[in-house]
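Shared between the two complexes below is chain A, which has chain B as its partner in the first and chain C in the second.
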Partner chain A sequence: MMQDEPSAVSQERDVPVGETYVYEVQLRWSDEDRMGHLNNTRYLTFAEDARTRWFAMAPRDEGDQAGFILARMEVDYLQQVRTADNDWLKVVNTVLGVGRSSLRIQQEIQRMDGEVVNRVIATQVHFDYDRDSSVPWTDTQRAWLERFATVKPDATDPVAAGTT
Partner chain B sequence: MTTAYIHPIHLRWSDEDRNGHVNNSKFMTYTEDARIAWLGRMRAETGGGPGSEGVILASLHCEYKAQVHFAQSKELEVVNTLRRLGSSSVELHQVVRLPGDDGEVVADLITVLVSFDYANGRSAPWGDRQREWLQKFTEHAVESSPA
Partner chain C sequence: MAYTTLVPLRWGDMDAYGHINNAVFISYLEQARVNAFHSTPDDSSGADLLNEGVVVVEHTIRYRRQLPYSNVPLRVVCWTDQIKSATYTTAYRLWNDAGAEPELVATAKTLLAPVNFATGRPRRLTAQERTFLARFGPEESAD
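Now for the complex of A and B:
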């Protein structure tokens, strides 16, 4: 296995730049809390919805049982959002790095005019739920994921560098 | 000809529960959003004034007609009509269905709202403009079971 090799994303290569997956979120009145702004937990739900729709499009081999499981999240709360002023937000998704069986993504939550209100960095693992273990990406999946790589990964980051 | 206020709903993955269907409580959230949007439009179109500043939920009756599975339908709509207009209350019929006139009905709700003065903690009668606006949505022919 090539698990200690840097992933193709982190090598100098002709990676198409600019492909993103954009998911639009309809806000609900009950997303606001007593502070009159979107509750902090809602952003995680929005990011989850974006990932669900995005990864549903990922290629999978015949008989492939594996799905995606969330392993890590970091969230920057940049702006407050009020539902009175915003009916919709959008989640702009890109890939930061592809590991052997993991994936590091950025999910920017933006107002419809593009202002960034929240930034999520998440690590997903390709996971066989029945066997309770991770599964390496197939070449097809890796190629599909790398299409969304728009940021050159930090080589010191083990996940982005593909060493996990 | 009845005017209905139709509010689209986009489901979330987490709306489903362990049973693999949209959890019963989510229909309350969907119809809540429909009411908020509908009454927001009333405020905008009647220019506010007495009886349009706030409403409070007084009663809710829900009949669950069909399960909703996120894998099959990611969108629903709430069709809102008015059953009865009181001096400071309104009885609504809120039908949750798959999108479109032929969409399967998945939940059928009757909700009663009261125009409410939150500062003083009591009901606040509708103004004439609000009454006129609300009456446009009166349900003339009730296709589902009458109350």
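Now for the complex of A and C:
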């Protein structure tokens, strides 16, 4: 990076309305429980699979050993899903805020026609598993993650403001 | 004709060895059977049989290669191997298509029996069910 470039960590970042990462899930017969609908724990599995595929595409500097670790999840169950009616669902992923070493994302689980059945808000941390500690995002990673931001970071949000 | 279906792998299917855990293969077999039974829009015999009740009597699985997690779905080819009066056998070949060449990762067989869940008793296969099961297979290159 050239020395006279402005700092990447400015207070007011102009984040464009971003891209989404869409992950499609094939439901399994075993995802259904005794109630005849998709079991509540499965949504977390689908969200995990979506994150795994999504973050596998994140840029990584040479020698960077850090990965992603989950710090928090909020889950809203909005509709039940009967697996006989829905062989596939999709997880629509966007970024809500990028902190110093953390990331807040929204993962909307939708029927293939777009109806939202579940909403996951998750906080991920850029994490070195060997050293057992968080690692700040690189500028490249930050820029990549912010491509998926749909809203301007909220300055009152501690994650978005970069204080966590 | 043998039935072919694609089963996407899930990250959680992997164990601490970094490959798909052996127990998860049973779920892949199950999913292939369910997909096969729902693959015949002209005939609901399979879906009806599933709704009414079919239980697994025996699994035989030969693990031939490790299956690493990847974003390439597992390809499962399955067919009806044998039909008896009150049981039938489904046979499978599981292919990993993630590499340059397809790799046979497992072969398996499952013995299944229709049951009457109201009475808890096994029952005989109907003529219609036998005809339906006979649609699948055997695979031409089956060994």
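Observations on the structure shown:
Everything below uses one rule, namely that the second predicted complex is superposed on the first by the 145 of 164 C-alpha atoms of A that agree within 3 Å, B and C clash if a C-alpha of one lies under 4 Å from a C-alpha of the other, contacts with A are read in each partner's own complex, and residues count from 1 in each chain.
Keep this in mind: contacts are C-beta pairs under 8 Å (C-beta built on N, C-alpha and C of every residue); 3 or more make two chains touch, one makes a residue touch a chain.
Here the structure is a predicted model, which is why all the values come from computation and not from measurement.
With chain A as the common reference, the superposed partners chain B and chain C clash.
Of the two partner chains, chain B and chain C are each touched by A:Thr45. Of the two partner chains placed by superposition, A:Arg147 touches none, neither chain B nor chain C. By the touch criterion defined above, A:Gln26 reaches both chain B and chain C. Comparing the two interfaces of chain A, the one with chain B and the one with chain C have residues 25-26, 28-30, 45, 48-49, 52 in common. Looking at the complex, you find that chain B touches chain A at residues 8-10, 12-14, 29, 32-33, 36. Contact residues of chain A toward chain B in the complex are 25-26, 28-30, 45, 48-49, 52.
Those residues of chain C whose C-beta lies close enough to touch chain A in the complex are 7-8, 10-12, 27, 30-31, 34, 71. Chain contact summary for the complex, chain A toward chain C: residues 25-26, 28-30, 45, 48-49, 52-53, 56.
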